[in-house]
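By written order: A, B and C. Residues from 1 in each chain.
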Amino acid sequence: MHVPDGFINAPVSAAAGVVAAGAVAVSLRGARRELDERTAPLAGLVAAFVFAAQMLNFPVAAGTSGHLLGGALAAILVGPFTGVLCLSVVLLMQGILFADGGLTALGVNITVMGVVTTVVGYAVFRALVKVLPKKRPSITVSAFVAALLSVPAAAAAFTLVYAVGGTTDVPIGQVLTAMVGVHLLIGIGEATITALTVGAVIAVRPDLVYGARGLTAPLKLRVNGELVDAPAAEPVPVAARSPRKLLLAGLVTSLLLAGFVSFYASANPDGLEKVAADKGIDAKAEDHAAADSPLADYGVQGITDSRLSGGLAGVIGVGVTVVAGTGVFWAVRRRRTGGTSPASTSDIPGNA
Amino acid sequence: MATDSVTPVPSLEVSGLAFAYPDGHQALFGVDFSLARGERVALLGPNGAGKTTLVLHLNGILTAGAGTVRVAGLPVGRQHMAEIRRRVGIVFQDPDDQLFMPSVREDVAFGPAAAGLKGAELEARVDRALTRVGMAEFKDRPPHHLSFGQRRRVAVATVLAMEPEILVLDEPSSNLDPASRRELADILRSLDVTVLMVTHDLPYALELCPRSLVLSEGVIAADGRTGELLADDDLMRAHRLELPFGFDPRSVSVGA
Amino acid sequence: MGAGHAHKLYRHGHSPVHALPPHTKLTAVFAFVVVVVSTPRTAVWAFALYAALLGTVAYAARVPASFLLKRLLIEIPFVAFAVLMPFVAQGERVDVLGVSLSVNGLWGAWNVLAKGTLGVAASVLLAATTELRELLLGLQRLRLPPLLVQIASFMIRYGDVITDEMRRMRIARESRGFEARGVRHWGVLAKSAGALFIRSYERGERVHLAMISRGYAGSMPVIDEVTASRAQWSYALALPCAALVVCLLGWFL
C-alpha cells in the first residue's frame, strides 16, 4: 500500500504532509506521557517489528499478497501517540533506506498507514475493552477486532486521498471496492497476527502492553518468615488519564488544515499553475524557502518572470510541506528544550 | 539497624524494599541493609534469590512497590534520577549488554557525554577511566573485537568514567579465566569507591570483600564478616551456598 | 548488534559521495525527489535527463549499475498497478494493437513509473553510500525531533535482533517441513510473530537497561560533532540544482 512518488498530485501530497506533520507533532507531545524510560525501547521494537512485518508479505488469494500495517498493534502495545510515531519512523526509514514509498508521498503514507490505522485501531480497542469484562482474553479479542477494522479503514482513507489527488482518473467506485475488498481479507491476517502477538506478550510480559495496564497483585513482606501484606503503596499512576482532548484537538486541526488545502487544490483543476499565478502565495513561499533553505544561496529568488515563477511553484508547492513540517517540529522542540535544562533531562517525560 | 551513626551518611541505604514483577511474581520481600562509604561488600545468594532484581532497584530502573533506597542520602526516585544514575555505577553481568557503541572510546564516553561533558574534558575523563582498568591502548578498537576479560574491563571503565559514588558489579568474575580474574581483582582493589559485588563466586568474595550479605528468598538472611559467614556450615547449607571442592575459608588469610 | 554496522543496502566505499556529511545527502535527495515530482509528466525528455543525473552520481559514488538495478526491483508492485492504469482509467481512449487504452491512463502509468523509479533510484543511492548510524546523525542534524530519532535508532538496533531471530525461527519451522503457502498457514506465521516479539524484546531489554544505567535519557549523547562545510553543501546540492534547471525547462518548453 506504500504510495510511490508521483502517484498523488503535489497539492494533495503537500496537504497530506501537513496532516502527517500535525499528527506527528501532536503525538510527540502525547507520547511524553505514554513513554517512560522502560517503554522507550519498546517503541523502537514495535517499529522494528512493524518494519519487519511489512516486509513479510502474506498470501491472500489468487496470487496477490498483502502485508501487515501494524498500526493497531503499535497502538495497543505502546499507546496511540507513540504508535503514530513508530509508524512514522518506519515509513520514513522505508522511504529513505528501501525506497519503499516515495519521499514526497511520505505525508500520504504516514497519514493513511500510520495515523488512520493507529487512531481507528486504538479507538475500537478502547471502546471494546470498556464494554468487555476486565480480563486478559478480552484484551486479545479487542485487539483482533481493532486490527481487523483498521486495515479497511486505511484502504478507505487511501481511496479518499486518491479521489482528491490521484494523478489518473480511475473510477473511484472501482478503486474503493477493490481496495476495501482486498484489505478486508488482509485485515483478517492483520487481526490474527495482532491478536496473537498481543496475546503472547500479555501472557508473558503484561507490563509491556500499554492497553492492559493496571493489573497488579498486592505486595507482601516477609516478616520473621511470615508473609504479611505490604502497606498499600501509592496507586500506579497509569491508565485512566485522558489523551482524548489532545487527540481530538490534533485531529480537528489536521482535518481543518487538510480540508482547507485540499479544497483549495481541488477548486483549481491545475493546482500548481494556479498556485503559481497567485502572487501572494508565491512571494510568501519564496520567503519561506529563502529563510532557512540552503537553496537560498543558489540564486532561485528574485525571479520576476511570471512563467519562471510558474515553474518554481511546482517545487515550492511541495516544499511547503517540508517548511510546515519543520516549523511544527521546531515549535515542539523549542518548547520542550525550553522547559528543562539539558542536565536534568532524565525525568522530564515524567509520568504525571 | 538501618542507620549507622559512625559515618556521616552511608553510601547506600536500603530499607523495607519489596518488589513484585508485573506478571505477579514477587522477588523481594523487605530487604534492609546499608553500606558505609568506601566499604567493599559482597552480596551472596543462590540463583533466583532476587540479586539482580535488587541491583536494578539501586539506580531506579525498577521502582520499589514498598520501601526505599537512598544513595549518599539521596532517595532514589523520579526527581533525582539523573544524579542517582551518575552516582550508582552498575556493571552488568554480560559485557555485551553494556558495550553498545562502535568503539571503546565512544562507549566509555557515553555516560559522561549523556551527563553533558564535552570536548577535552570528556576526552580526559575517558582516558582516565581507561587507564584505571589498563585498557588505554584499546581506545579506538571496536568492543566486540576484544577478549571477554578485556570487554569486562572496558565495561568497568564505562562506569568509572561517570565517577560514581558506588560501584555495583553483577557477577564480575563469571566467564573469566584465572588471569583475567586476578587482573580484575587488582583493579577493584585499587579503586577508592564503595563496591557492592553481587556474586555466587564465594572465594572471590572472600578475596575482595571483608563484609558479606546473604540474600535468600527475597530477604537479607545474614550480614557479617565474609570469612565467618563462609565458615558457618549451617548457614551456608540453609541458603544453598556451596564452596568449591577443597576450598576452606578458615585456611585462607585475607589481606583486605 | 549495535548501530555502527553496515546494513545490507550499504555498499562500502571511499568515493566523494560516501564522504559527504549525511545531512547534506539527505537534503539533496529530498530536494531532488521534490523537483522530480514537480516536473510536468509531458516533458518526457526531462526524466531522461534526471536519470542521467542520477547516473552521474552513481558513477561518482562508484556504485555499479547492476547493484542499482537490482535494488530497483523493490518497485515491482507499483509497476503492476501502473500497468493496470491504461485499462481502467476513464476519458479519451486510443487503440494500441487492437486494445483500447485510456490516454489519461497511459500518461498516468508513465507518470507513476517515471517519477517512482527516479525516487527509488535516488533513495537507493543514498542508502548505498550512507551508513545507518550516519543516517541517524544526519536526521538528528536536520532537526528531526529527538524522540523520533530515538525510536529510529532503537528500531535499527532491534532490526538486527529481529531478523536474526526470524531467521532462526524460520529454519526451525522449515526443518520441520513447514512452508507458508496460503490462508491455512496464517496461524503458524502469526504465532511465530508473538514469540518473535517476546524473544526480540528480552534480548534487547538488557542493553537498554545498561544504557539508562549510564544516564541515557532519550537522546544519544553527542560525542563527535558532524559538520558540513560550505563546499560540501554545494557539492551535495549540485544534484537537486541541476534537476531544478531541468524541471524549469520542462515547464517552459
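The rule is short, and it goes like this: a residue touches a chain if its C-beta (ideal position, glycine included) is under 8 Å from a C-beta of that chain, and two chains touch if they have at least 3 such contacts.
Not measured: the values here are computed from a predicted model.
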With centres defined as the mean of C-alpha atoms, identify the chain lying farthest from chain C. B
Of all chains shown, smallest offset between own Cα centre and global Cα centre goes to A
Chain A and chain C, separation of their C-alpha mean positions in angstrom: 19
From the mean C-alpha coordinate of chain A to that of chain B, what's the distance rounded to whole Å? 42
Please work out the Cα centroid separation of chain B and chain C, and write it as a whole number of Å. 44
For chain C, give me the residues that contact two or more of the other chains. 157, 212, 215-217
Would you give the residues of chain A that are in contact with at least 2 other chains, written as numbers and ranges? 38, 204-205, 345-346
Shared interface positions of chain B, touching two or more other chains: 61, 82, 85, 115
Could you pull out which chain C residues touch chain B in their complex? 1-5, 133, 157, 206-207, 209-217, 221-224
Chain B residues within the chain C interface of the complex: 56, 59, 61, 82, 85-86, 88-90, 92, 94, 96-98, 100-103, 106, 109-111, 113-115, 118, 122, 142, 144, 158-159, 162
Could you list, by residue number, the parts of chain A that touch chain C in their complex? 4-7, 10, 13, 24, 28, 31-32, 35, 37-38, 40-45, 47-49, 51-53, 56, 58-61, 82, 85-86, 88-90, 92-93, 95-100, 102-104, 167-171, 174, 188-189, 192-193, 195-201, 204-205, 208, 272, 294-295, 297-298, 300, 307-308, 310-312, 314-315, 317-319, 322, 326, 329-330, 332-333, 345-346, 349
Provide the residue numbers of chain C that touch chain A in the complex, in ascending order. 7, 9, 26-27, 29-31, 33-41, 71, 74-75, 78, 85, 88-91, 104-105, 107-109, 111-112, 114-116, 118-124, 126-127, 132, 135, 143-148, 150-159, 161-163, 166, 180-183, 186-187, 189-191, 193-198, 200-201, 204-205, 208, 212, 215-219, 233-234, 237, 240-241, 244, 247-248, 250-252
